[in-house]
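Take a look at these structures.
In what follows, chain A forms one complex with chain B and a second complex with chain C.
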Partner chain A sequence: MSVSTPDVVATEPRKSDLVANHNRRWAIGFAIAAVAVWLFYTFVLPHLGTTVNTGFRQWMPLNSINEALVWVICAVGLNIVVGYAGLLDLGFVAFWAIGGYTAGWFMSTFIQAIQNGFYFLSAAPPGQPGIHLNWWIVLVLAGCICAGAGILIGAPTLRLKSDYLALVTLGFGEIIPQIFLNAETFTNGAKGIAPLDNVSALPFGPATITVAGAKLAISKPLGPFDVTTKYVLFVIVASFCVFVSLRIREGRLGRAWLAIREDELAASMMGVPLMRTKLAAYAVGAFMGGLGGVVYAVHNNSVFPDRFNFAISIILLAMVVLGGMGNVWGVMIGALGIAWFNSTGLPQFGDSFNQQFGTEINFPSYNFLIFGAILVLMMLFRREGLFPETRTRQVLQEAERSDDEELDGGEA
Partner chain B sequence: MSTIAETTTLALNADDITVRFGGLVAVKNVSFTIPEKSIVSLIGPNGAGKTTFFNVLTGLYRPTTGSVTLGDLDITGQSPHKIAGLGLGRTFQNIRLFGLMTAAENVMVAQHSHTTSNILQIVGRTRHQRREEKEGRAFAQEMLDFVGIGRHADEYARNLSYGDQRRLEVARALALKPKVLLLDEPTAGMNPQESATFVDFVRRVRDERHLSILLIEHDMSVVMRVSERITVLDQGEKIAEGGADDIRNNQRVVEAYLGKTGTEGSAR
Partner chain C sequence: MTITAVEAADSRPVLLRREKIERWIGVALLIGLTAWLVWNFFASPTQFINVGLAGLRLGAIYALIALGYTLVYGIIELINFAHGDLFMLGSVFSSIVLLKWFNAGTGGAINWLLMGVTLVIVMAACAGLNVSAEYIAYRRLRRAPKLAPLITAVGISFIFQWFGLVLNGSAPKSWTKVIPDGGLQIGPVTIDWSTIVVIVVTLPLLLILSYIVQRTRQGKAMRATAQDQDAARLMGINVNRTISFTFALGGSMAGAAGLLYLETFGTTRYDAGFQLGLIAFTAAVLGGIGNLQGAVLGGFLIGLIQAFNDGLPYGFGQKWSQTVVFTILILLMVFKPEGILGKPSVEKV
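The block that comes next holds the complex of A and B.
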């Protein structure tokens, strides 16, 4: 970025256009990869030999990709709060839990008080007690409940700054799962809520409809093992989150978030309402956390309070930092990588290692040691993350012009 | 006392402002007005309470007593973003741009209170939102051209030269469509040549953007040349007010800046 003469600048493409192109390329890449994975697992893999199949079942089962997608959804949500608005949140698991329990309440036989069952476009078999809503509706519902919870939690805590904010969010991240553990009447305590209703792929309609006396299966209920279809559904939800992130970033609200991240006081002096704008970041992030919670519940077919622990908040944050704060695509890759490593890569590597060398090391138990080491190394050698935002790359890689001048001129 | 006729309408009126921090009185019963389309200055030695007074106007501090009116709106104790939206723009003594945003984006942030797109409109990119963005970008370019850095619209603010950063701060404040523009030591770090150009620039801003300007400034040559009225603060109190000549010859002002002469003794 040398000082350029006006005519050179004029011929350069606008930065916003560059960003749009960049996003378009990534979006196309993501779409192709997502479709390719689906085609591969549905049509190609079954025809490959047993060795290949075993290998894939061990090292890259579709289930692990599905779980990674849950992490992607939540990490993209957390990126709004941490990466866009610059608010450190160490309690994001709270929204994940609230989303999960929303799925538990509205998609199972748990609410026995409704004896004949309340059904709405659900794929669940009829005649059971409880509320059974279509899972797409539950998604929206969970998102909205979480956004509300985000505002409720944010209203008092967002008055705090930086470290203090992080501490209080950490507190809420502990409190909310504890509430779910202990409020047995509403959550079934440690026993959790299981099983959940089977979901159906199509947005609307019951499992079958009768047209002119013939039963047509328009929306097959997906069993726990129907992972390929669930994969498609999860990809759709993840894409939605990415899409929303990118769109918001370019608009009025995204600029306000960025301004707050850069200089809160200056932002308020330029007419940006701090509280409202920060709450909006919390609400949007929490909305996505809620989606992630529902998707996680559907993925596991159950909700248990002990799944929502503090480690989740930290892993999510590690995903955002590793991938590149503020860049949705980087965060996505960070989330896919860490989630896979955590759920499949490390245990598998451990098994192979132990078999090879006859040792009995419990590799998965060292996961946090490894994450910690990775984060320390990142902070030393690549602070901006693997795929940083163009803006952030600026700070950390290029010499800062104003610094030089401050050295010459001195500060008043 | 004022060199401007009392009948002119006021762009800003701060009435009997007192700010107390615990036992310390930072600003004491200061009344201050900015007539419409005028350029006025606030000067005083370090620690005189200029910045505190400034912060009261912009809503950062709530005055202990007194009231501030912008046009005919009472803005006493309003939050800074509201006051900004109502038409009070400012620049900062030590430049506070959004460094990792482009010059155009910096200006567009300041349009926040003049735009209305909500989150759904942004995600859905409705016609309203697209029009707002387009107009916003055009207006930002207009403001950047106005301050003379239009060709740097797409450059990150942190990469601009010092002088251009100062200009960008003005462009950003102008995007608030302010009635009153507060400039906090705008010539700090400028050489005499640049300061001289700056005087013309301030006049041009006033004339072409139809607003009033309040200047806090240490460079007396700039203050004396550009101001239609000068107010002097010392130890939280207003000690003098008037045109350049009045101030230059005012005994109390000279004392405040240079100290009393030995013959007068030390008791007071």
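The block that comes next holds the complex of A and C.
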């Protein structure tokens, strides 16, 4: 991004246009990549012969891309809280869990009390007990429930200093999955809720339309293994999250968040309502966490409480930190990379390595080391992430006191 | 945002009312808690006392861990997330030194001696680890924005967990304990040998720590650094060494807690550190973070609360025990962040 010099101000685009251009380039890049992946897996890969197919199934199955998209959705949500507003949230998994269980309650036969079933635009087979909503509605519902939960959690905690805030959110991140584990009446305990309804691609129930005299059935339920269509759906949800966070960032609320992140006191002096702005960050972040929870539940076709552990919050944080706090595109790359690495890359690399050299090293057990090292090294050497915004870099590289004071160099 | 002096004076009673409401709720909670305890006591006195003793034992271990949090927070205002995992490494080290290398059995003078030697070794090892973590990571971030050292501590905690995973394996391991089962029988009440040992080891450690901080030159340097690093430096205090020393003290306490945990429960788990660490942190906050006596008090209180909740006939039961403790953490953080013994801090501008 070149900064316009004064004499060419009239011809150079304004700064906001430059930002928009910059975003457009990334957006187009990701859109092309998303479409290319879909085309490749739908039309090209089946014709490429067994060797290539096996290789792709091992190293880059579409399932792992789908899972990575779930992480993208949540990481973009966490980015709003941590990256934009500068509130360290170590319990983001709570929203993920709430979203997942919302899907479990409203998209399965779990609620047996409703014997004949409550159907609304659902593609599920009729006559089953439980609530069956269309999954698009469940998405919105889960998002709203999580936003409410985010406000509930946030409201009392935002009076706290930053490090205390981190611990309170951590406490919530521990409590909420434990409630889901222990309150067996409402959540089926450790057995979880499975299977969920098959989702349909469109936001209405099964229907037929007549095109040129032929009857076409549309909005059929997808099979649980229809990974390709799920990929398209997940991409849509992820792009929605990215779009929302980019647009909000440019607006009044987003600028207020950045102001709070950089100097809370100065922001409040400038008339930024601290509580409301911070709560908005929590609510929007939690909304996306809820979307991620539903998408994850649909991806796995089940909800289990033991999946929602502290490690998830930390991995999400590592994604945000690695990609560059505050930069949505960087966070997306961080999320895709780490999620793929965690679910597929590292185990596959381990298998190949062990086969090649006849060793018995358990590579996936190294992920603790790797994530820990990512966090520590990034904080020590590149606090602004791999793809930083200029603005973030300035904030994070700035020392709190002057350099002269820092020059004591270990000797007092 | 234009509040005149008159309006500002008018708005004071609103704040007071809120404080009053909070205080009444607090008092009501305490009365409820007492009533619940009394009720349980009369329902089954023996069980009550036995559970209380177990709570004290647990509380001593929490107190040792909480001291590490409070020491570090007191001096550089860092919540050392990795401390719980350091404690976990302490228990894993103890299992390796005492039971693999020394091959100690149950009871017998030699085994007790070996346990003493292990205590020293493990305390030294954990102190060394904590100091090196400070040296490698936190020291460089001392002037950075607050988010940075906090995230680094989370990273270090993951690295420690990996270390524990390598040493201990992914499944929990059971070990023979040096301390024999059973205990001192006083009427219907049994005081477990492990309870006695834990108290006997913990109390001198606490006294030594208190002596170091209150009476020695190094302790004075610690207190000075905690008050004002720059002024301390001007007075000729080696601030870096003092901070390292504080980390060493905290680490050694975590090591001792690790050995005692192993001897009490006989198991080691690589993921034990996170939750126990968070509970111990709750203890430190309950007592007032930065306050040594507070950490000990908080540790014993949380130990008792957890034991009562788990063991009493009218408790929530073991599966809710962590939820109860974390709820206390959240309530404390929100309504009384300064804890029982701490002074309310005023945010400096």
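Everything below uses one rule, namely that the second predicted complex is superposed on the first by the 368 of 412 C-alpha atoms of A that agree within 3 Å, B and C clash if a C-alpha of one lies under 4 Å from a C-alpha of the other, contacts with A are read in each partner's own complex, and residues count from 1 in each chain.
Throughout what follows, contacts are C-beta pairs under 8 Å (C-beta built on N, C-alpha and C of every residue); 3 or more make two chains touch, one makes a residue touch a chain.
This structure is a prediction, so every number in the text was calculated from the model and none was measured.
Contacts of A:Gly358 after superposition: neither chain B nor chain C is touched.
In the superposition on chain A, A:Gly127 makes contact with neither chain B nor chain C. Once the two complexes are laid over each other on the shared chain, residue contacts for A:Gly251 go to chain B alone; chain C is not touched. In the superposition on chain A, contact of A:Glu174 is made with chain C only, not with chain B. After overlaying the two complexes on the shared chain, residue contacts for A:Leu88 are found with chain C alone; chain B is out of touch.
Legend: residue contacts after superposition of the two complexes on their common chain; A:Phe371 is shown touching chain C, with no touch to chain B. When the two complexes are overlaid on their common chain A, residue A:Gly271 makes contact with chain B and with chain C alike. When the two complexes are superposed on chain A, the residues of chain A that touch both chain B and chain C are 265, 271, 395, 400-401, 405, 411-412.
On the side of chain C, the complex with chain A involves touching residues 1, 77-79, 137, 140-141, 143-152, 154-162, 165-166, 170, 230, 233, 236-240, 274-275, 278, 281, 319-320, 322-323, 326-327, 329-330, 333-334, 337, 347, 349. Those residues of chain A that touch chain C in the shared complex are 86, 88, 90, 156-157, 159-164, 166-168, 170-172, 174-175, 178-179, 181-182, 265, 271, 310, 314, 317, 321, 365-366, 368-369, 371-376, 379-380, 383, 395-396, 398-401, 405-406, 408, 410-412.
Here chain A touches chain B in the complex through residues 1, 3, 6, 9-10, 12, 14-16, 243-244, 247-248, 251-256, 258-259, 262-263, 265-274, 280, 284, 391-392, 394-395, 400-402, 405, 409, 411-412, going by the rule given at the top.
Residues 58, 60, 79-82, 84-85, 90, 92-102, 105, 108-115, 117, 119, 122-123, 125, 129, 132-133, 136, 151-152, 154-156, 158-162, 165, 172-173, 175-176, 185, 188-189 of chain B are the ones touching chain A in the complex.
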